[in-house]
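By letter and in written order, the chains are A, B, C and D; residue numbering begins at 1 in each of them.
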Amino acid sequence: MPITLAGHQYGKAENRVVRIRRDRARHEIRDVNVTTTLRGDFADAYLTGDQSKVLPTDTQKNTCYAYAGEKGLDAIEDYGLALARHFVDDVAPVSGARVEIEEYAWQRVEVDGAGHDHTWVRAGAEVRTAAVVVEGEGEQQRSWVVGGVKELVVLKSTGSEFSGFLVDGYTTLQPTRDRVMATSLVANWRFTGTDVDWDATYTGIRAVLLREFATVHSLALQQTLWHMGRAVLAEFPRVAEIRLVAPNKHHLPVDLSPFGLDNHGEVFHADDRPYGLIQAVVARDDDPGAPQAWAFGAGRA
Amino acid sequence: MPITLAGHQYGKAENRVVRIRRDRARHEIRDVNVTTTLRGDFADAYLTGDQSKVLPTDTQKNTCYAYAGEKGLDAIEDYGLALARHFVDDVAPVSGARVEIEEYAWQRVEVDGAGHDHTWVRAGAEVRTAAVVVEGEGEQQRSWVVGGVKELVVLKSTGSEFSGFLVDGYTTLQPTRDRVMATSLVANWRFTGTDVDWDATYTGIRAVLLREFATVHSLALQQTLWHMGRAVLAEFPRVAEIRLVAPNKHHLPVDLSPFGLDNHGEVFHADDRPYGLIQAVVARDDDPGAPQAWAFGAGRA
Amino acid sequence: MPITLAGHQYGKAENRVVRIRRDRARHEIRDVNVTTTLRGDFADAYLTGDQSKVLPTDTQKNTCYAYAGEKGLDAIEDYGLALARHFVDDVAPVSGARVEIEEYAWQRVEVDGAGHDHTWVRAGAEVRTAAVVVEGEGEQQRSWVVGGVKELVVLKSTGSEFSGFLVDGYTTLQPTRDRVMATSLVANWRFTGTDVDWDATYTGIRAVLLREFATVHSLALQQTLWHMGRAVLAEFPRVAEIRLVAPNKHHLPVDLSPFGLDNHGEVFHADDRPYGLIQAVVARDDDPGAPQAWAFGAGRA
Amino acid sequence: MPITLAGHQYGKAENRVVRIRRDRARHEIRDVNVTTTLRGDFADAYLTGDQSKVLPTDTQKNTCYAYAGEKGLDAIEDYGLALARHFVDDVAPVSGARVEIEEYAWQRVEVDGAGHDHTWVRAGAEVRTAAVVVEGEGEQQRSWVVGGVKELVVLKSTGSEFSGFLVDGYTTLQPTRDRVMATSLVANWRFTGTDVDWDATYTGIRAVLLREFATVHSLALQQTLWHMGRAVLAEFPRVAEIRLVAPNKHHLPVDLSPFGLDNHGEVFHADDRPYGLIQAVVARDDDPGAPQAWAFGAGRA
């Protein structure tokens, strides 16, 4: 039968690992959601049901927890690299691994003006992410690390306009010189290597994204994304490429004139759907690209 | 037919009102989700389909937006009171109104070390709430205000135990002297009146809730809730009663011994379901209670 | 200190129990989400941290699974009664129990025109619910059973109007003689006793609710709810009271005239928020009411 | 600065279009969620903020509603093709369009044993999807259509095993010869052309997927996916490739022995996270592949 298994991958999704350092009075916490996926010599599991080369997804789960203890869990990029390399190096049928991690931030509870030693409150809605891909053995082994943030919800109440656009027979939108602009940003940045101060870089990129969103006078969300992406590449030489996805979360000024009121551009309806969806990829001119870093994801990072 | 309309209420749920003050260089934002519900002389709408006394829910929506402009939108308790009083006072068939509000917090984006004038990032996962009930006309009018917070996610990595509990034939749990305790707190506090500095009180109560969670050595989540509630009443004389609902979000230590590792109480699985569910009502001894403040809600606050 | 523990309750929420009958070739499945909550002599757990009377929530979980095997899991009302009675009768400090259950429906996969013996596909979006309350010992013991359905999403494309309503200064809505009406119904019906064919009654009530929604020419969603409630009470003598909550999920006709098109009342935008929210309680005239059946719920049924 | 805009796309996401045919006594309904995305000569919108070539996302929304009236909305694949071709053919700067559609199924309410003319209840949890890509002008124009289903939740209570797998130092799983297997299937199938009876094919493929899930004795979810994919290609010659993603929704047998009970393989805990994640691509041997059909999606289909 001329039908073939053209691609496959399997793993364990959403392992909810929490790692607390308690070997000191001032505890530290890392709270992550890890997804592991493996590629390799697994076709028989599909074609004949032979599982002899299949490392159970349950084992992948165990490994996530064990590594959090054995190797530690600090920067999620390092944790992802350790896991992915282990699967490729130590499990014979595995030729490639993709590990996706979401990290939830906590901040210390303030008591008497100081951060508490062992109590936290969840900080922000945003989620830090990492996607790590490792392929190949020994000298041939290659790795890609993509850091990121998602659900970074931002809003500016002026400094945004949208006008001079193309008009066709289905256009009813009026141009505006002053509007609210809001989005829930997803940004993913690919590193050129693995010798990076991951935590400092995350904090730095997040700050640059927010700064550009705030300070660029925006003629469109497209333009804002370009400025965000360009600034990250300009300031972080270890980043080769950044991909941005931004829903335009519409805040519609409400017409109060039927009630004898002037809105003064101050009262808005925050709409749910539909929303604009703007995507941009910003890269260095000389970057050859790395489709392997992005392909066949599990959708978590 | 001996069947009767024993109760009814109707309104408009989840009006997403955003109010920005732009009459100054440093803008201010309030981002809320308002639900209005009305009680009164509306039985005919049900029994015969006669709508002549029914103020459309669309009108209630309009009023939420108009009032945000006309009356302003600062503390949500005041905004809720203005809306509820309007419906009761100005719309003849309305004898009572319940307004529920959720507020989403924003913090200014930091640029060059200072908060930006007109750009914000969403702050925290938690939602501030208010439920306002107004009943009756003129001298007979009564009001109840319930402030609150929900989705306040907290975790402590020690200072919690659970032991000495009742054991029956279905008990397999082992006692523990040291565990992670985490919850997503819902707290609702009823005020004795309406002459309150709402914003300062919200900030103060939130801080007390966090402080108690952090500093009470917990023998059970029940005990922690009691301390939280008691402290709020002790420190805020305008609060008559507080209701607390706390899922016990289990963090299960992972047995790493099959891999030759000692967990050292540091690696946990954050479980989703099931979860403990602990509820407490804490009130002043001499408080007569106020079922009207809590009844027939729309579930948002 | 004149502050008191005025109310309390605790339990285990969202135990995801699946029970399959495999003692026959044609398997049967029940898929439920059970929440147990207990009331009783538990104040010390709050006030002093003394857990000696506290049956762990983990034990409640175990009991849910054990009872599914030991007692079986057929109609959720019976399963809830068995659990609630057990906690009250067999666990000394427990004076009352409330059990809330959600049930997810499955239908057999069709193979060669017949339902398969042991394979199912999830049926419908709706969730069947039951809330059971048992209070007191021996002769004094009382029970209440509330059956229900939620997320029952229905839509009719004509046979609905809304006109003749009250107009005030905030009203902009135009009357309509023909509109789409849609809702996601929540209905909860309280039984007069426990000697009921639960499954047949659920099927019957669901059919009546759908029939009334379809066949009543609606002058308002309020009127439709009244007809639904009245019909259930008229046809099911064991039902004492029914409570209905119905969001009015607005389907807004889109103005196509800017594009030279006539909508013909055929193209709609299904809006998310805000939505109308209509509530009704329909009861028998001579019913004394049963606040105990509804109070202090965990929000699942 | 050697930084470049390496990719971009923009559109309007989640237009909630409902189309009802009312030109007959027996109404027909189509309920969809449409996402349009455009590629083309839009770099200036990013680089300089010049919007003169940008068709507003608001216009794309209008077009979705207008086309539902003007062209009709029957099979979602046809509707998507009409929209995508319009954007490419009629809007000068657009060189390619990707339209993703989700469709929600409704079934007629039964009244007196017959389906009602204009009242429906939502059917099933599953969502039918289509992704249409059109690129290029005139003779050079190419189109790809991918049909699909998601959230197709299925469960079998026997006929599934998992054993003989690879064991390493992190493996604790025991083999099993009889287990519950459940998933929430996502399947996307790419057509070889556009001359297809879309609705009949959807119904047919769905039936084949369910049949294979039911009747294949499964040695692993991998094997089941292969059988599903192969059967679809064998029976539907117009399908070139099918991609399957299946979470392994674990149903864990509960150990009832501490309570003196034998589970008999009948009582399960339906776990939430983590879950296995199995992916497979099944294609015809001679198919050259079509990365354009899958690339740069908006994540809805």
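The definition used in the following text is that a residue touches a chain if its C-beta (ideal position, glycine included) is under 8 Å from a C-beta of that chain, and two chains touch if they have at least 3 such contacts.
According to UniProt, the chain labels map to these proteins: A, B, C, D = Uricase.
This is a predicted model, so every value here is computed, not measured.
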Since chain B and chain C are copies that touch, just let me know if over half of their interface numbering is common to both, same, or not, different. same
Between A-B and B-D, which chain pair is linked by the larger number of C-beta contacts? A-B
Which integer distance in Å separates the CA centroid of chain B from that of chain D? 38
Measure off the straight-line distance from the CA centroid of chain B to the CA centroid of chain C, and report it in whole Å. 23
Compute the distance, rounded to whole Å, between the mean C-alpha positions of chain A and chain B. 30
Can you tell me which residues of chain D touch two or more of the remaining chains? 15-16, 62, 66, 170, 172, 258-259, 272-273
Could you please specify the touching residues of chain B with respect to chain C in the complex? 1-16, 35, 37, 42, 45-59, 61-63, 66, 90-91, 93, 162-168, 170-173, 218-220, 222-223, 225-226, 229-230, 233-234, 241, 243, 247-248, 273-287, 289, 296, 298-299
Give every residue of chain A touching chain C within the complex, in rising order. 169-170, 172, 258-259, 272-273
Quick one: in the complex, what on chain B touches chain A? 15-23, 27, 29, 31, 62, 65-66, 68-70, 106, 109-111, 116, 118-126, 152-159, 180, 207, 210-211, 213-215, 251, 254, 256, 258-259, 261-272
